[in-house]
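Should a chain be cited, it is by its letter among A, B, C, D, E and F, assigned in written order, with residues numbered from 1 in that chain.
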């Protein structure tokens, strides 16, 4: 596999779309890399592509401010990464919000995928930072939920994510590309797109979809 | 009933809104023609109106490309029709996508109502083709789900649909007008709209809603 | 507490965001004032703030038009208020629609929060009236559901609302401020915003989020 | 309507089954008196019939023991009544438990219908007290939820219940008979049972169900 | 394939368990023959095995008793069959009840699988007739739902069922064996059971599960 | 804290009930140790208490039998432990079954808590082995889901579980006692039970629940 610099990798994945990436993963026998479909972007225009920076939290009633590891996690965010939050199924809190978004932007992170809730949605939309989550809620994490670890293995939407796995998201939802397959899947997904562009043109020209299917063996 | 050409029928239904059509159906004792409210348009601007072209599929793990009847279904799509897909409750796949949209557009179909998922959402939005579905997902049908029949009776969102039943959808959701009632319901729904326009004006003039209700027997 | 005129109260709350109001409520031990997160605005731009005008309805199959108390409720709507509808869990009907919106606008009401469905969505969007609800549906209330009381205690999204409690909603969802705390919570939420603005600036300047957290004791 | 003493009323309703009572309610145009089907008895053998003693509670994080009105409610329970709890949709707590059951038994209450959770299930089963609820959970109400009123109007499973409305429950679920209709519905439901017993015998004798249906106009 | 009389077929399938049948179906590439897991028996002891007698119904508000096709369906039930009801997703009604059970018993039917609700549960339990359904509810079908066809293709719990497909159910749930595979799957499932009995004995003797797995290639 | 041998610890916890353990955990500020209430025992009589032996699995379509780590996990099960399975949200498979039960019994394990499905339910009931799970399903794990690790940190029903944390389950559901608190919580829960026994007796004697509440500060 060729070695592709991270900037280029992110840029090329961002030009793709999740459906093509999902097809490439299927072709490699990776049938379960699609995140639970309830995790969706705040708006249909949002796109994200980058290596995962993982965070893990759990429900927690204490309001003791000394114990919040989340702030350390934000300081540790690395350029190009996508913040990925496993919220342990908590379904009340807005786990990601405006200040986290600002912290992420300053550190060069490029998006967030939250198996939980987003708050400060209006402010985040103004910043144009892509956030994918299961729901929106104004409820603060303080006294409800707390980050307990980061840069650790997590599960989002039923898919395991290790730090460095590649996250790709758009209006269709989110897929996870395992770290070892990042280049391989990119190249294959780019092929998928090329072929589909050809097919699309011929469909637009009015050719029989059944015939094209027989010729290309895909649709 | 007057005989109305299909172009005019579609155009006049498209000018209506689903709520008025639902009211007219209620008035005829057709209380259960409203599709499960989870089937919604990709954007609030989308509208659809036309006779149903039905497709039926089911979960299927085989990736044998010879057996996909879906491509034949697309070739068979007729002008003015709305593609209606019964997905047998499968909840992972993006059952409708960009290439199907292209095939449908070329053949003059005017929309799709999917009791399942949509993929390639960004591409579909660019084409301006109205798609109503229960969820969005990047997962390909291949190896997950397969069309097994078309132009057959189906059920979407709890409502039976036969080929030729009329489908009307907008930001409120989707209603199904049984084939025999298409003209009758159109005329009645147009009356509903006319009356509501009158009431609306009088409400805006500050008249008592209770009094108007007594006068018009509707609200 | 200072006495603030209702116009100013609404205006200042509207400039806030629900997350700040929720924080202020949390700080006063009011942890359960956040409405079920499934109640969301029709579009992410919608905002609402004002005293609740409550309505209560229940499923009802009769189509006898004499018994609909809903029209009286609309006539009784007061300026600045937000219509708040407890629909007793009915999940088919579009409980709020265009004519109610017109009636509400004429009487100076400023929004609606419906623990149920909205219909005539396209028309409502044109009027720019903010409606928050659990779902969209073209189904008329007639023959399905009926208002049985108004200006009475209700529950929406699990939160009790008495007439005069303050409703605040935006893209994050909806919070309820108990009547007695309206001024107190406003002042505290404005403080929250001020502090967060300071923090935000320092985060953007690249300061450590962990250090800021230690200094401000909030995030 | 004849006046029937409460003991006899309860006994006769307990000999009926909820399906017959639901039929009688339907016949009177009361189509929406069936409680959300997720509220079910702890075991299929449980049956309950009696006038409602209502309680209303809401989520509440305080652990201050002075404020729990629930204990007063138990002291106020009256003989023959069925405790009916509106839990405002809270879905974590075991709202009804062993000590409440003991308090209820001592005061002559005959069952409980909880739009929420039950705890101490093993102990309750030993006492043979019929409890209908939406779920089971070991979580205490203290610090989670609190009774705020009793002998007041409530809503359970989407059905409004006023003190004195009659509650009937068995393996099928729960129905609510409005206070004014208690005798009328009893007599009609007893007729329903009589007719069905006749039909049943003739069905067992092998007669055509279609013919019986034509004769009796019911099934 | 050997030809096996229907009595013997039913008896041998009834001695099996659904998990073994599901394994045999998996082995033939039939991965999607397991009915939605929410369709479960009324008690854990219930078992059913026999050819499907299908019925299809839909929501319907009319109480006109002339139009109920359900009674004809019961008269048409054949010995050994299992009544299979596609309820079009209606979620209020008790679609199957005591009189249907009596009618079914008299005609020699051996069970019912309902993608909907059961009523008269207490009475059905006394008769020992196995009923599998999604929920329990006292609500009558009259005025809510109506059988519109029988002996026709249906879908239950996401699995297509044609008349004559074999239905097998127990405490684990329900599987559907396509008509053509009934004997083949029976023989294979009986092999599965034989092998598992051997493995079970050796596990009980304390042998390593990993070793047995390597030897038998199954677990 | 006194050191209590594991046999005694399990026995004493088994004599308790989950509600008392949950109360003791609440009192220590551990408000979120109650497992999602959908994880319930197969029958109301089942009880379990012991240290967790954790397993983690994920969806996986391969049927390659070489890669199933689950069999190794069973061989590694230790006496007294409760098998705890994190199934990554997969909702089709019966993750726990008869052969696993036999393997567990032979190795002295005392129960299983599965955040997923159980199959072979009838067989498991005969063995009297307590299994708690979210659903029942005949679907085999082979080709659907695979154990990928064991003796590792997992999350079940929203609660993190580390190997050695104590699992207590009964008809109310399941609670998790963090390893460090096992003795402390046992002693406190035993106190809770003692007090409640006293209160119960006085309630049965007809004393005011409100007065007892004031005296004992609990209910």
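What we mean here is this: contacts are C-beta pairs under 8 Å (C-beta built on N, C-alpha and C of every residue); 3 or more make two chains touch, one makes a residue touch a chain.
What you see is a predicted model; the values in this text were computed from it and never measured.
Asks: When every step has to jump to a touching chain, what is the lowest number of steps that links chain B to chain D?
Replies: Steps on the shortest route: 2.
Asks: Same residues or different residues: which describes how chain D and chain E meet, taking over half shared numbers as same?
Replies: Answer different: the two copies use largely distinct residue numbers here.
Asks: Repeat of A-C among B-C, B-E or A-F, where over half of the residue-numbered contact pairs coincide, is which pair?
Replies: Selected pair, repeating A-C: B-C.
Asks: Mind checking the centre-to-centre distance between chain C and chain D? Centres are C-alpha means, answer in whole Å.
Replies: About 33 Å separates the centre of chain C from that of chain D.
Asks: Using mean CA coordinates as chain centres, what's the gap between chain C and chain E in Å?
Replies: Measuring from centre to centre gives 47 Å for this pair.
Asks: Going by the contact rule already set, what residues in chain F reach two or more other chains?
Replies: 31, 61
Asks: If we count contacts the way the header does, which residues on chain A are in touch with chain F in the complex?
Replies: 29, 31-32, 36, 58-62, 88-90, 148, 155, 157-160
Asks: Which residues of chain F touch chain D in the complex?
Replies: That would be residues 17-19, 21-23, 26, 31, 34, 37-38, 40, 44, 170-173, 175, 196, 199-200, 203-204, 206, 208-210, 212-213, 217-219 of chain F.
Asks: Considering the complex alone, what residue numbers of chain D touch chain F?
Replies: It is residues 42-43, 65, 68, 70-72, 74-75, 91-92, 94, 97-100, 102-103, 105-106, 117-123, 125, 135-140, 142-143 of chain D that touch chain F.
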